[in-house]
Amino acid sequence: MKRLLITGAAGGLGRAMRPRLGKLAEIVRVSDIADLGAAAAHEEVVQCDLGDANAVDRLVEGCDAILHLGGISVEDKFSKILNANLLGLYNLYEAARAHGQPRILFASSNHTVGFYRQDQHIDTTAPMRPDGLYGVSKCFGEALARMYFEKFGQETALVRIGSCMERPSNHRMLSTWMSYDDFESMIDCVFRVPMLGCPIIWGISDNDSRWWDNSAAAFLGWRPKDNAERFRAELDVSLGRQAADSPLSVYQGGMFVRDPIFEDG
Amino acid sequence: MKRLLITGAAGGLGRAMRPRLGKLAEIVRVSDIADLGAAAAHEEVVQCDLGDANAVDRLVEGCDAILHLGGISVEDKFSKILNANLLGLYNLYEAARAHGQPRILFASSNHTVGFYRQDQHIDTTAPMRPDGLYGVSKCFGEALARMYFEKFGQETALVRIGSCMERPSNHRMLSTWMSYDDFESMIDCVFRVPMLGCPIIWGISDNDSRWWDNSAAAFLGWRPKDNAERFRAELDVSLGRQAADSPLSVYQGGMFVRDPIFEDG
Amino acid sequence: MKRLLITGAAGGLGRAMRPRLGKLAEIVRVSDIADLGAAAAHEEVVQCDLGDANAVDRLVEGCDAILHLGGISVEDKFSKILNANLLGLYNLYEAARAHGQPRILFASSNHTVGFYRQDQHIDTTAPMRPDGLYGVSKCFGEALARMYFEKFGQETALVRIGSCMERPSNHRMLSTWMSYDDFESMIDCVFRVPMLGCPIIWGISDNDSRWWDNSAAAFLGWRPKDNAERFRAELDVSLGRQAADSPLSVYQGGMFVRDPIFEDG
Amino acid sequence: MKRLLITGAAGGLGRAMRPRLGKLAEIVRVSDIADLGAAAAHEEVVQCDLGDANAVDRLVEGCDAILHLGGISVEDKFSKILNANLLGLYNLYEAARAHGQPRILFASSNHTVGFYRQDQHIDTTAPMRPDGLYGVSKCFGEALARMYFEKFGQETALVRIGSCMERPSNHRMLSTWMSYDDFESMIDCVFRVPMLGCPIIWGISDNDSRWWDNSAAAFLGWRPKDNAERFRAELDVSLGRQAADSPLSVYQGGMFVRDPIFEDG
Amino acid sequence: MKRLLITGAAGGLGRAMRPRLGKLAEIVRVSDIADLGAAAAHEEVVQCDLGDANAVDRLVEGCDAILHLGGISVEDKFSKILNANLLGLYNLYEAARAHGQPRILFASSNHTVGFYRQDQHIDTTAPMRPDGLYGVSKCFGEALARMYFEKFGQETALVRIGSCMERPSNHRMLSTWMSYDDFESMIDCVFRVPMLGCPIIWGISDNDSRWWDNSAAAFLGWRPKDNAERFRAELDVSLGRQAADSPLSVYQGGMFVRDPIFEDG
Amino acid sequence: MKRLLITGAAGGLGRAMRPRLGKLAEIVRVSDIADLGAAAAHEEVVQCDLGDANAVDRLVEGCDAILHLGGISVEDKFSKILNANLLGLYNLYEAARAHGQPRILFASSNHTVGFYRQDQHIDTTAPMRPDGLYGVSKCFGEALARMYFEKFGQETALVRIGSCMERPSNHRMLSTWMSYDDFESMIDCVFRVPMLGCPIIWGISDNDSRWWDNSAAAFLGWRPKDNAERFRAELDVSLGRQAADSPLSVYQGGMFVRDPIFEDG
């Protein structure tokens, strides 16, 4: 790969993945609306508001692949979600359409299905049950990507990320955690497979506790290696037992099912 | 019912249904962004841009039920769809949440699944395959409605309308047609059933040619009576045989799979 | 058929069907624990407690077919259900095994699945979700019948009766009603089909409002003719609108989901 | 249609359908290995062994559509089935490939699934369970047709004919019967639909007793009108009750599950 | 956990698990109808007939969790099964309802599905096919537990135990074996998970030979570690080849499909 | 086992497996139409044309088990496929029927489903989608074997072999590869299991990249040990990146979807 674009590179996940991308491409174009610090030798740094169509068009130009982590990544006011996750995603796909349709890994979310209970085992054909405006924006994103795939041939991996962080920070994440190493190997699989199509992939490690069936994505050859279970004992100590009636114990989306919707203004 | 709101009342479907709604409620609040003509005795006429949150809030206040036909109903520039079908729908659901959660019938569309082929028989659990920006906006709408149902208890009937018009105007519509009478009886069922939930309903008459399985919605007691087949002979005469490779013959979404996406500006 | 046994003949459903059975067999053996009145010309009247194994053995002897409506048919103390519906059913199947395995139509119940919501459309493979001790006893009955079928070849029709009565008495029954005529024609199909096996059949008329898919039983050739819909208008008048949050509006089992369990004593 | 080819025109089904085909095409090319009698005004009569590749090539040349009823239609020696149903079908599809790929209605058979029991309700995705060499040859035919569809675009309707005859001649056929009128209307649907694809269609009338789910083929707009039930009473009189353990009562394929395989020679 | 009740502690499985439970709770209340020997330091020993409602009520009082291994665990006379497995289970659930609904692990059985063939791979939604009165009583137990869950919120793990013993004693158990270690870790998972619900769990180790799909229970985080395969060679030597037509080779329930039903008396 | 027959022993797969079969049987009867070289001490060498019924009858006589690798194993002229794979297979099954029904492992092929895309995950119930005449002949073989199983009790393992060779020779085979060791252990499982039935088994190692779900065959106790992934790096070096639009990248059947059908003559 010559040039890989990463959006949302100043966010939590972006900062974690940024140093790992040098292996994948000669040049990594690093982007965010926030400050990104200095460029490494192999990096191009571009500050960009996803809601600005022209800026996004220039951002995408010349890239062979896009790791799209950008946009609002928690529940927020609709005006902000509208700009970054709805308009911003449209801008990204139009830019990709204009510039040779580089393959996209789109960071979708488990909050597209957050209202399933934790004792339900689902696969990627389960109807959407988003748990807030953020989750709805990811449903929109998956639908938009699917349409660009069928209408124009644009390939996207729709990765429903569970909890991609250094370590699980509560008991729910024993089921949803994806290690950085596993995400890195998934990125590698997504960009190396000759035909990607537009698959949905659950972004989780090989955890003992599982709600999601990833077999439909097995053609990618991605086999995660980590297991959140090794963190259980320390969570038991630090947090004690999780209340049975907490959304963290009941719903796949955890606390998001309770989050209020912010009013605009 | 005391007051029923109909949005999009100046559109094709709105104009057809408007005179039939007097039976359902004492007062019918008739709304559109376009001119609506004079109010009938039982009507309140309100001009309203769905993208204007305050206007929508006032529009919904005092209503017991909403027949939401408003918004862009064909493929169009994303800026227009964004305003009417994304922001507009959010405004509508926030207004409903503020005003007692009147039951909503939301005019979704077969274009949420337009890329299925006509020889595929699907039910309401089939993954979305939208055929354009309009279809994507309806996927967004269904996801938003589902979230408001699970999070706040807001009930909505998600009606994937096929082709609701006086008569089928091409051979594809022999499968997608819904008569005005059948739509009227469906509206009646949706607003009378004690518990509605948030079901997806295929909006088609009892046509001989069928792609969609409506059995999941049978709890509503809606049994359409019309059949597009009686129009076949006259379509054969007026249009001749439909080309086998036309999107009209191949895809459930018909010509929409070919429509270009308009650039903003 | 030479001799048909009907149990529970003094109950509501038994009294309704008793006069219709003369067509099916030369002799109808009419049984109940309660008083049965005088025998008609073609009838044998036998009072019998299903919990009495010897009495049940004599009851079944000489019969070619059994219409088993007997036992407790509403929620009740477990001691009564235990005697009539658990022990009683075992007695019946042992008697049948001893006397040539006459074919059985077993009156199971929609209360085996009473906790499904009314907006769920299910078929006969849906896991059991009984709504009380009565429903649990019918789950037991279906399991017992299935075991006698696989182990000994005993054939049984497991009829999950909805609401078999003169007319629907509330709005829920617009979905669950089975007319006496339709039940009669079903009985005829069950006893005439050369191979019956051990099918589950939903006992409902051809109602506009439906929750249950009967296609698995279509091999019987039973096509119900009645439709509860014709009673809707008069129910609207006599009962008014059913509350949205009543179990009658929400659960397939209606009020049974709320019924307390009686203590023994 | 200019020229429609019918093969097997001297067989039972062929003789019944031949007089009905004049409506469908200007010229009907009538073919069989057996004597076909005189040609009607609109007919071309061609005697042909399906195992003769050159003869089949000439037979197909110039035809717009093919109603393929030819080949062995009962259990028989493998050598005969090999020639007519395996080699013969290959010859037919190669000829079609050479001559513009006229649409084909292929008379497949319920004997592709004959080992299902009659109390099993299946759709077209149920795995094959052929009941003899004849059934196996039809499995081959369906696989061959499917391959020509996916590899070369050749369209075929795979019609699993139940029992297409004047009237049902035993109780099993109350479930499998298809009237000549219903077959005729199906042929009409198959040749008129703009895109056919390669669907499997169960060839049965709208019988009260049903084992097969035809909903996947509803896109064709075929709605059969006849019902074998009206023949039940006379079958009861003429045949008496069918034995419960007869293959006619147990298996969808009826007596075919018992038929010996003929030795060659 | 303060106090864990184990029933059936004098049975084969009870004796094996009893010494392992001290880790789980401060006090282990050990119960059976048979003699239980002396109490260990952390144990309370209570002899109890499950058919005695008052005794069961006292047994359950003060417990935080119940490991219900009690009742008849093989095919037996119905009178004994009725007392221990039907009435006894009702008594247990009523006692639990009266005393704060302690979480229950209910030892259900593979004999609820014993009539499936060994070449059928099933999950927990497969309809029940019990292989005897014992299996039927476990179907009853699962239905009862489900009802108490939906009606009263009582949580139960329905564990369909295969063959939980020191080592497999025949070839069938290469598929059904669960090691004591794996059962112990499952018990741990069941009582630690914040929300249990009412799941069905197949009680088997990670055997090479498998008939049952446990993915629906993966939310528990239980990952068995043992594998019966290591015993194959010694079974081959000690038992020789298992006959192909033995129920041990054909049915999931093994010999139970053949067991006679004992007459009462 | 006393005598094991292997057909196709001179082919690529046959030559690889031949030296491994001595462990399985006292005598290995080695057969092919081509030259087989000298017999080892435990071998009987028999040259045989599968299309010759008498020769096949003698070939099968006296054998306890058959490893049927014989016949045409790539796309070829139909006349050759007809002789070896259609007539030849019939001859084999008739010979088996005449000689005690020795258990058969039939080398079916992934080309029965070659038109599925690589991003589709399928199990053994997926409808056939053969990619050529060779694939169609394997569909025939599976149907024939199934019929002999249901009609006569003949057991067969239908092994849809992916790519059984020393090592993968292109990127597609990273998903389809089965090592010789894994095939050997599968053969062992197939011939040792007491009841085999007629299962379909995907013949692949435990590769990271997978399209096929083998869980239905888990009752065999076969757990493959190899993983093609270890060959990826060297394929990357030797072959470079596989083109995205190559059939090797798109279809499960790879290049077979493109292969022309050879004309006879």
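Assorted remarks:
Order of writing sets the chain letters: A, B, C, D, E and F. Residues in each chain are counted from 1.
As a working rule, a residue touches a chain if its C-beta (ideal position, glycine included) is under 8 Å from a C-beta of that chain, and two chains touch if they have at least 3 such contacts.
Chain identities (UniProt): A, B, C, D, E, F = Uronate dehydrogenase.
The structure displayed is predicted, hence computed values, not measured ones.
These two copies of the sequence, chain A and chain D, are related by a rotation of 180 degrees on CA atoms, to the nearest 5.
Centre-to-centre separation of chain B and chain C, using mean CA positions: 42 Å.
Measuring from the averaged C-alpha position of chain D to that of chain F gives a distance of 32 Å. Rounded to whole angstrom units, the spacing between the C-alpha centres of chain D and chain E is 53. Counting partners per residue, chain C has no residue that reaches two or more other chains. If each chain is drawn as a node and touching chains are joined, the picture fits none of the line, ring, star or complete shapes. Under the touch rule stated earlier, the contacting chain pairs are A-B, A-E, A-F, B-C, B-D, C-D, C-E, D-F, E-F.
Within the complex, the chain E residues that touch chain F are 117-119, 121, 171, 174-175, 207-211, 213, 229, 241-246, 248-250.
Put simply, chain B touches chain C in their complex at residues 194-197, 199, 215-223. Taken together, the chain E residues at the contact with chain C in this complex read 53, 78, 82, 86-87, 90, 94, 112, 115, 124-125, 127-133, 135-136, 139-140, 142-144, 146-147, 150-151, 257, 261, 264.
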